[in-house]
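One chain, subunit A, links the two complexes that follow: it is found with subunit B in the first and with subunit C in the second.
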Partner chain A sequence: MLKLFQHNTPKIHELEKASSAIDVRELNLWFGDKHVLHDISMRIPKNKVTALIGQSGCGKSTLLGCFNRLNDLYNGCKYKGEIVIGGKNINHAKVNVARLRTRVGMVFQQPNPFPMSIYDNVCYGLKLQGVNIRRHLDDAVESALKEAALWEEVKDRLFESAHLLSGGQQQRLIIARALALKPDILLLDEPTSALDPLTTLFIEELMAELKQRCTIVIVTHNMQQAARVSDYTAFFHQGRLIEYADSDTLFTMPEKKQTEDYITGRYG
Partner chain B sequence: MRQIALNTHISDTFNIELENLRNSVLTMGGEVEKQLIDTLKAIKLNHAGLAEKVVLNDLKINSMEVQIDEECLRIIAKRHPTASDLRLIMTIAKAIADIERMGDEIERIAKLVTRNKLPHSYTIKSSMLLIGERVAVMMRGTFDAFARQDEQAALEVYEQDNRIDSEYKHLLSYTTEQMEKSSGGMQDWLDVLWALRSLERIGDRCKNVCEYVVYLTRGTDVRHTPLENIQQKLDGLI
Partner chain C sequence: MVNLIRGLFTAVQRQSLVISLSAFFTSLLLIGLVYIFILIASRGGAYFWPDPLYLVKYQHSNQSYSVFAQIHEQNEEEKIVQLRYSHANNPYGSFLMLEEQSIVSQQQVLDVAEIKLNDGRMIFAAPDFLITPQHARAALDEYSQVVGEVETISSEIERLQQDTLAVIHQSLVELNRKGVEADAPAREKLQQRFRAVLSEIRELETLRDNYQLSIRFADSRTLTLTVAQIAQINLVNQLSLTEKWQVVARNVWGFLSQSPKQANTAGGVFPALFGTVLMVFLMTIIVTPFGVLAAIYLSEYAPDNSFTTVIRISVSNMAGVPSIVYGVFGLGFFVYTLGGNIDTLLFSDHLPAPTMGAPGVFWAALTMAILTLPVVIVATEEGLARVPKGLRSGSFALGATKAETIRKIILPIASPGIMTGVILAIARAAGEVAPLMLVGAVKFAPNLPIDGEFPYLHLDRQFMHLGVLIYDGAFHSQTDAKSASMMFASCLLLLVVVFVLNVTAVILRTRLRKRYLQG
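Now for the complex of A and B:
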């Protein structure tokens, strides 16, 4: 039959285990006495954009933080269950967290460039890893800035302060900084909520490009953004995963009433 | 099946917009239904004046279609509806095109009445009125199913089209026989055939709207699916 439109995102149940970038198994997380995540199990597919949505306080950013052990920084954080990345449970005590964070990069809501030049911002992580050969650093900076669609705008002023860039450029710089380390997974925590609509579209376009080379997990409060950019969407409510499906299904025919109520702006 | 509550959004304005949109479709449907009833009455009584009124009234239906379309566009642009809200708007945008075409078919029949073109044969006239009555019942059922978001009711109405189709075929062959026996007046016979065809087409358009009602309530597209396979499709078996 003639196929006019190609929307080939497989359904969640059709995804093969081997195609998972992150495999979350019965994850529970507590901050002190507060049980924040309850029995989360989900497989996040490789080279796709997966959006985590839900009301403030539903646990989506906390889950995102679990993927690079960011929550370790909070006192009283404890967890049970597994998160398997690259065949290894990253919750294991012997995991090298610094190495994990080079493989799982993170970008936050507010662009946070270091008070140094554009060039130094991008190669900061590489230098920490001990890369000092100038030619290697030059190549990595150029390649990361190109991937982050910023190269053309900054190639003639690489040694100017990063703080002279606009908000959208700063956010792309932060993405370039993460990309310089060649991560397998990029975590984006509301990456465009501080940006204007046009710059937001640039970043969204960038995500579509970047998923060719890494897996992207994005937390967003903007449902239209989730619908636009993501291949899969997970809806969370009060620390529980309510529904996880391909975004086409979740935004047109969600299975659960709670999901429906949330995405259509109804009283839950 | 989950009923779509239009009045439970956090935004009251959105609740009102959707409720008004839905009501406007029912108003449009009610107008078309009245047009059909008036046309049948005009055929029965050979009442050219009433048929003339129907022809003029079609402009009102055309204008309703345009207004509802614009409102759908406005809501899509401003509200970015999702899930059941999106399905409701898609259903409405598609249904009103069919409802408007029902109006056109009725107008075509009414025009024939204004020119005194409809049938002089008692058998054909009474059979045509019978089919017309069935189409009117089907139309009412269609709009009721939409108003109540009742997929089962929509499927029951959908089935009624089979009977209309079979009566239409029967009357068509009878009319053709009469044409062959008749000497001259071929254009008059063709007009009768067109009117019959229009009634049958209204039944088909009701069927289309019923399919949209199923899509609205279940999110399953049952267009071009034989009736006997629809339930299986709804059960996810095919």
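Now for the complex of A and C:
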């Protein structure tokens, strides 16, 4: 298993600016009066898997939600600072949020297939983009499902309800749904916490495949998972970025004591 | 029911007062409901059943009488019998209360018939013989043949009246409107034709009325009816059970398809049934988009502040406003203000005769829509709130805007909730009477709101409503409210209509739920 993920990972400070997919600069975020994220600055490298770890409530999921501005849905959410994706600051007021979200896909903790057929689920985003030609949709559905390693299991029942799939299949369907839009970045918010170990393994293997095509940012509570799948890991504590390094370094020789305490399970 | 009783017993065994009390009141409720249904169904159903006819001989102030009668009600304690009878002096059937000891004899005789006339009146008498232009005294066996001949003449008369006379009349009215002088040649010519057709019709009518039926009452006095008057003759005492059910089927069909006669005590209720369904249908069309859009705004777009709280409270309070208040509002605002203004703007050439400024089916539907709006809003809001948050964020995360998310994800999933609201609205609207009487429902409307005349759907017309018919029936006479009457039959029909509308909506809701919730 480990073999799959052993790459020659450059150290974080060796990364060039040009190779970052997301550049976060002095990001602060408040929910109402609550200061949730403090001065976050980090670069997330292209075509790598970056894991965000930390205790519940440390702000890692919130940070993930900043990357596709899903936090906008919550009342009283304010933020300051820049997040540069594709050379543009996405926190700018004039950014087309819907368009941004087609470039930055997201997979949630609970699989949330729409109450439609498998086929309609996968082409939901494409249809919103105005793609209506049946042949194009067919092709996109097939390739997205293949990328999400679901095609073989569902190719004979594309028009059955997505709710009839198992939990793991549903989660892969959500991944396929996001991939159908050919996003540059895929955000995974604890994608396997509701799944059994075998399915989890399956999805982890999938991530290793997918990072050829897009940048992956994953939030996880599972330390082993972070170590297994990610190239880089960022540790958050109480809304602050404590330590950010390539995963080998962070999990073997953490610089900060807080990080060491967390990854060895002394708290959290 | 069985479970309920079993639960009641277990509760008593456990000596749990709360459980047994609540079970008691629940069963009371159920019994009440069942009793109401049985009363309405039996009284309403009996209206269609051919009652046996008796030859009743009775004494009254030292004189003896004999009549053909239905025995409607017997009060065992006070020994009073209610008869519906026919008599040569009073052939069309009226009610009579008799003390039991004044009745000398009562027996079923075979040759007496229930004769229903086209105008809805009923005669109990024995048919004797037929009178035709060819025979002064023809046998009764020829009745069906005679009816055929009469029908041929009648349809000829109808054709003349509708196709020829009405057209000439229309042209005359047109000339009047244009102010053509009374002695203009065109007008003279038309009037001449009018008179010619009229006399042709008169001739045919005389010919038709030469077909007659002579009937005999219990005291051997006779009466002659024209065959054209008669709608149905049932020799009720000779009918077998299957034939009785055939009569019931014919009566039910007549009840559903004919217009009311004799000031809503006989005939059918078709215009009322039609009016009720049309009004509910129009109301549903109006209230659903209004209610759903209002609910969407309130729960998806409106900011969560004190103003929206005030709106929400007002919406709930609207549901508690007495319905007659809506009736007055509808009359004052919709009919007189809105309708009056529409008249001055669009139909000013018809004034002072109002077009939209008078009560009509559209204003009634609009009033009922306002009345049922809160129900739809509240149910829809609940349905919207039940849409899982994950689906919303899932849709947004795929680049959907708020409007797209509402249209493609939220509304379909909330549709069972919306249907619940619509069901409740329909049930409420179909049963309301009071506000309708102010804004367009009448005891008798000469025309249906839909006909073959342009623009086909006449929203300005007054309409008949089952509830109003029942209300009207209850004030006719005491005998109506006591016995199997048209009022009960209308009640039964109203129940059936509400039930059918509800069941349709529930089936629709279940299907939507299956489609969008369980997947």
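In this text, the second predicted complex is superposed on the first by the 259 of 268 C-alpha atoms of A that agree within 3 Å, B and C clash if a C-alpha of one lies under 4 Å from a C-alpha of the other, contacts with A are read in each partner's own complex, and residues count from 1 in each chain.
Convention: a residue touches a chain if its C-beta (ideal position, glycine included) is under 8 Å from a C-beta of that chain, and two chains touch if they have at least 3 such contacts.
This one's a predicted model, so the numbers in the text were calculated from it and none came from an experiment.
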Which superposed partner A:Ile263 touches (first subunit B, second subunit C, both, neither)
first
Of the two partner chains, subunit B (first) and subunit C (second), which one does A:Gln129 touch, if any: first, second, both, or neither?
second
Partner chain(s) touched by A:Leu63 [first = subunit B, second = subunit C, both, neither]
neither
Is the number of subunit A residues in contact higher for subunit B or for subunit C?
C
Touching partner for A:Ile174 - first (subunit B), second (subunit C), both, neither
second
Look at A:Ala144 in the shared chain and tell me whether it touches subunit B only, subunit C only, both, or neither; answer first, second, both or neither.
neither
Could you say whether A:Leu186 touches subunit B, subunit C, both of them, or neither, answering first, second, both or neither?
neither
For A:Ala21 in the superposed arrangement: first (subunit B), second (subunit C), both or neither?
neither
Pick out the shared contact residues on subunit A: the ones touching subunit B in one complex and subunit C in the other.
none
Can you list the residues on subunit B that touch subunit A in the complex?
2, 5, 8-11, 14, 80-87, 219
Under the stated contact criterion, what part of subunit C meets subunit A in this complex?
304, 388, 390-401, 404, 408-409, 412-413, 515-519
Within the complex, subunit B is touched by subunit A residues 223-224, 227, 251-254, 257, 259-261, 263-267
Contacting residues of subunit A [partner subunit C, same complex]
68, 70, 73, 75, 98-102, 105-106, 108, 110, 112, 114-115, 124-125, 128-129, 161-164, 174, 177-178, 181
